[in-house]
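Input: structures, listed below.
Both complexes below contain chain A, partnered by chain B and then by chain C.
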Partner chain A sequence: MSSPSNTTTMPLAAKIGLYAFLIASALFFLAPLIVIVINSVKPMADIRSGSLLSLPSEITFEPWRIAWSSACTGLDCSGIRPGLMNSILITVPSVIISVLAGALNGYALAQWRARFADWLMLLILIGLFVPYQAMLYPTVKMLSGMGIFRSYWGIIFVHVVYGLPYTTLLFRNFYVGVPDEISRAARMEGATFLRTFWSVILPISTNIIVVVAILQFTGIWNDYLLGLIFAGNDNMPMTVQLTNIVNNSRGAAEPNVNMAAALLAAIPTLVVYFISGRYFVRGIATGAVKG
Partner chain B sequence: MYNISLSKIKKSYGDLTILHSVDMEIEEGEFIVILGSSGCGKSTLLNIVAGLDTCDTGRIMIGEKDVTDLEPSDRDLSMVFQSYALFPSMTVKRNLSFGMEIARVPKAEREAKVAHVAKLLQIDNLLDRKPSQLSGGQRQRVAIGRALVRSTGVCLFDEPLSNLDAKLRTETRVELKKLHSDLGFTMLYVTHDQVEAMTMADRVAVMNKGRVEQFAPPQDIYEKPANLFVASFVGSPVINQIEGTLGADGVFDTGETRIDLGGYDFDHGKPEAQDAVLAVRCEDIDIVSPEEGHITADLDFVELLGADALAWVVYHGKRLSVRMSVDAARALPKHVGLRFVLPKASVFSAKTEQRL
Partner chain C sequence: MTHWFKRQMFRPVFTVVAFFAVIAIFFYGSIGWTFIMSLTKSTLIPRYDFVGFDQYVELMDNKRWIVSCINMVVFGLLFIIGSLILGSILAILLDRGIAGEGAFRTIFLYPLAISLIVTGLGWRWLLDPSIGIQAMVRDMGWDNFVFDWLTQPDRAIYTLVIASIWRSAGLVMIIVLAGLRSVDGDLWKAIRMENVPVWRAYVQVIFPGMRPVFASCIVLLMSEVIRGYDLIVAMTNGGPGISTEMPAKFAVDFFFARMNLSLASAASILMLLLSLLMLAPYLYSEFRRRD
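What follows is the complex of A and B.
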């Protein structure tokens, strides 16, 4: 399909057709969201009697309250609120560490022309291609050996390590485009590698930092498998608790509560996208994550 | 003391030799231009002096200090880069004081120095701006200011004017020269632009394929080039070259006419007979009648340059250029004689390409 490059000369019929198509596509992709929002504010009576697609007879936020603070995950009935805190505690440090370390790696690989920089980059890329499910068992053994299996620092360590190939690649591609004379000028001024990185390079990396941070944030926030395996019972992230609520076998199934819980779990990533969308587009446009 | 001494500097990447044993002695306060086309090793040499690159063998002395293995910041020198390389996130002021911040110079002293240099370069009204808010010429000034502010006594320049437009380049050239005579710094300046070399340098080092071909004052380079490469690299249009044989009696035989080189001052007395190249600048040729000329040639075309004119003549299928007044050029006949000002000509051995 060729894109309509000149809309001013487009005949009315074509215009209507175009908008009809766009609206239909939007509805198609929005439909699940609409269904989930509608059902999250329906009383249970509506759900038992009607179909999932019918509008609520009355709007109630009771399912949201239950999902938030009193839904049962296994034996514990305090909603997904504790999971939210755990998710934040896991995501924030993991994002900060993996972004900063990725930036440092990327800068070193792109500009300091270490002897085997290209080979190192290739090795790191291999880390991107191997699915992490395949590495779960060795990782479990390794973390047990280190004594941080099923602990707070264990899950952060896993997120950082699994995130590094990705963040390193993105930052490296960005720094390859930064003239290396800037680093050399800093070296002439007496700045060390770290000082150059911190005072000169990081301040010009805002766009790419935002892009990588958002990608890492959504990735880590939405992670289920690693959290389930490595976090340990006290640090279960929201996603794991969400599944527990949905799969809870005690009492009757409450789809409205499940949907409210799912929405609660998705809100932080949405907020992050809305706040930083501008930077995100700008960062993508700078070419770091093209293709 | 800020004299610089380079001895036997060698550098190669694998099989590719960038520098073949470069030696150079630079006096304190001299303005040295390293001139060469791209790929001749001039920037590598500068980076080695700066400490941004390492040499395989050789020693670099600045004053009494052997700096060969020192970090750039420990060498008492500063550098201006081709792309200016200002720190984009910092204001002009911080760009100037960044190096002193790292060296933990007290704040009052930093501010005084920045103010002094800003005034000197007339950038004091730009101090709060970011580099992206400056024009090319202003960025250039800031870059020079950053090099001067640490006032070390040795300044390195890596093609600093090549990103400026022609007018600004001429202005900055004059200012740099003035700055040099005011401050008395030792300056090492890399360029491929022979006009910059001729106008600014106390001495020029012409480089080719990793070797210094000649290291002499610019006028000497122009008038007495040490070899055929220097002769043809420096000067525009390219120096006229006539091939022939040189007899033991000091007569140059073009195969058609014999030119007595009696007026030419050979470097090492009269050389033995050999194939040779007679090289003459376009302004050292007089147009005369065909009978009086050393050689005769046919007029091809005339270029009027405003102040003067270049007549291009064809001699044995080769174009030669002759500089003359516009009026004379307009009145040129089709067939002319060329008379060389022999004391100002150069004779090179065809085999070694060295000056005879």
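What follows is the complex of A and C.
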């Protein structure tokens, strides 16, 4: 512990100030979540008569039920449930495939010590920062050519490919630190590169796999733009359906239903975050550059 | 042929080439295609009648583009400075062996797990004058209280700043905290011996020594600024009027809604150039470090 002065040696006033600031900040960070949670269980009457910050007169799960199964997006009133199913169906295979692709490519890059391997790294690093806008339209055209634009496999393909620089980089940095003897021993016994990767390297990569899987899960689950453009109407992810429900302001807007819908969309990634805090934090610095 | 193929499978180069073909096509091929489109006057569909840099000139005359760029600069500066300050303060305070550090960290970081769509909706509700903070304060008796930035064309941009800082300050905190924890304990001993006030020690000694840490924070935040799309869509949808439009949204709108491919392409290429320009010093130092 190298800290300059810690709470045990601090004067009382400073200590109070420190905790006061931290608690105030915690409130700032928690406020939106608290407001949304409270209002999602509030009857409409309470919302009409008071502000969002007032406590509910009674707790009702009606808004959750409506958000789940009967809120409207345009003419379709089946709630956010189809969006949730679509998000799961898109996210799960996308995460699995992009973890495998990133691991394989990252391992190959780490193994391959050619002169211009460094230049390939540069291409990947730049790829992390390319705004999607500079790729979107040609990608639409190419996917149309492949016959998968606005389809289930189309959106998965886009998530995997657009995620490649990032998954590759994370795995490559991990595999550079793995002793070469492991791969060499496998090769001596006649295992191919792919064989070595599958039965020797992958099993020792659990940590990095978890880190990448969590970040890809968060990123893909939370994606809006790619889903909107590439998924097609039958596969719209939850984020897109949520905005449709909220912006569908025919008749009286129902903030409590909207908030219940927003929570439903946020719960899966929040659960993953709370369960996997350490891994989430580990990948976060690299993860944040994506999207 | 099969023999050749089998031999290649022993080598990582095969995998690397396959993956880089995909990256080359979908990243760099798309960028090239977008650039070519930006030199034409394509509107609804790509047509390759070249007009040089006319679209770029056109952009400079486009009021919405100019407003978007100014907004991005204002938003970007405030967001980056705000996140750096709040994140650093939180990191400094958490670096004092306080009780409940883990809980505070969890609270400051959880917004990163939530999608920008839900973030935007949450803050939109909180800042909505008719139901949010303004309504609450009025309920408590201050009838004339006004906090209607969300609906004021010259203020709405600041609501985006608030929401973005809320989401990203935790990222800065965690990166800076890691940096602080790796500061040499002897340095603190020396500082204490010299009797320098703690705040001066941070400003004049500790933080200047952590320049690379802040550099990577800034790179991450800048790339978020340039690509900012989801938050705007969920929170203000560019309004009131065009007061919170930004380049990423400009490009998407002109690609997919307004069907002006060449103008959208030019806008995207400018976004890309800006990203690379911001990134250049960082990439340069990364490469220098490796050699």
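Note that in this section the second predicted complex is superposed on the first by the 268 of 291 C-alpha atoms of A that agree within 3 Å, B and C clash if a C-alpha of one lies under 4 Å from a C-alpha of the other, contacts with A are read in each partner's own complex, and residues count from 1 in each chain.
Everything that follows uses one rule, which is that contacts are C-beta pairs under 8 Å (C-beta built on N, C-alpha and C of every residue); 3 or more make two chains touch, one makes a residue touch a chain.
Nothing here was measured: the structure is a model prediction, and the numbers come from that model.
Colleague: Give one word, clash or fit, describing how chain B and chain C relate on chain A after superposing.
Modeller: Fit.
Colleague: So in the superposed three-chain picture, is A:47 touching just chain B, just chain C, both, or none of them (first/second/both/neither)?
Modeller: After superposition on chain A, A:47 lies in contact with chain C alone.
Colleague: Name the contact category of A:179: first (chain B only), second (chain C only), both, or neither.
Modeller: First partner only.
Colleague: For the combined three-chain view, what is the angle at the C-alpha centre of chain A formed with the C-alpha centres of chain B and chain C, to the nearest 10°?
Modeller: Once the two structures are overlaid, it is 90 degrees.
Colleague: Check whether A:203 is in contact with chain B, with chain C, with both or with neither, and answer first, second, both or neither.
Modeller: First partner only, chain B.
Colleague: By the touch definition at the top of the document, which applies to A:12: first (chain B), second (chain C), both, or neither?
Modeller: neither
Colleague: So in the superposed three-chain picture, is A:187 touching just chain B, just chain C, both, or none of them (first/second/both/neither)?
Modeller: Touch status of A:187: both partners.
Colleague: In the overlaid three-chain picture, which partner chain does A:272 touch, first (chain B) or second (chain C), both, or neither?
Modeller: The answer is second: A:272 touches chain C but not chain B.
Colleague: Name the chain, either chain B or chain C, that contacts more residues of chain A.
Modeller: In the superposed model, C touches more residues of chain A.
Colleague: Nearest approach of chain B to chain C by C-alpha atoms in the superposition, in Å, rounded to an integer.
Modeller: 9
Colleague: Do any residues of chain A touch both chain B and chain C, and if so, which are they?
Modeller: After superposing on chain A, chain A residues 187 contact both chain B and chain C.
Colleague: Which bits of chain A are touching chain C when the two form their complex?
Modeller: 1-8, 10, 18-19, 21-22, 25-26, 28-33, 35-36, 39, 47, 50-54, 101, 104-105, 107-109, 111-112, 114, 117-118, 120, 122-127, 129-139, 141-142, 161-162, 164-165, 168, 187, 192-194, 218, 221-225, 229, 239, 242-243, 246, 255, 258-259, 262, 265-266, 269-270, 272-274, 277, 280-281, 284-285, 288-289, 291
Colleague: In their shared complex, at which residues does chain A touch chain B?
Modeller: Residue list for chain A touching chain B: 179, 181-182, 184-191, 195, 199-200, 203-204.
Colleague: Would you mind writing out the residues of chain B in touch with chain A in their complex?
Modeller: 50, 52, 71-73, 78-79, 81-83, 85-90, 98-99, 102-103, 146, 150
Colleague: Residues of chain C touching chain A in their complex?
Modeller: Residues in contact with chain A: 6, 9-16, 19-20, 22-31, 33-34, 37, 46, 86, 89-90, 93-99, 104, 106-119, 121-123, 125-126, 131-133, 135-136, 138-139, 166, 168, 170-171, 174-175, 180-181, 183-185, 187-188, 191-192, 198, 201, 216, 219-220, 223-224, 226-227, 229-230, 233-234, 248, 251-252, 255-256, 261, 264-265, 267-269, 271-272, 275-276, 279, 283, 286-287, 290.
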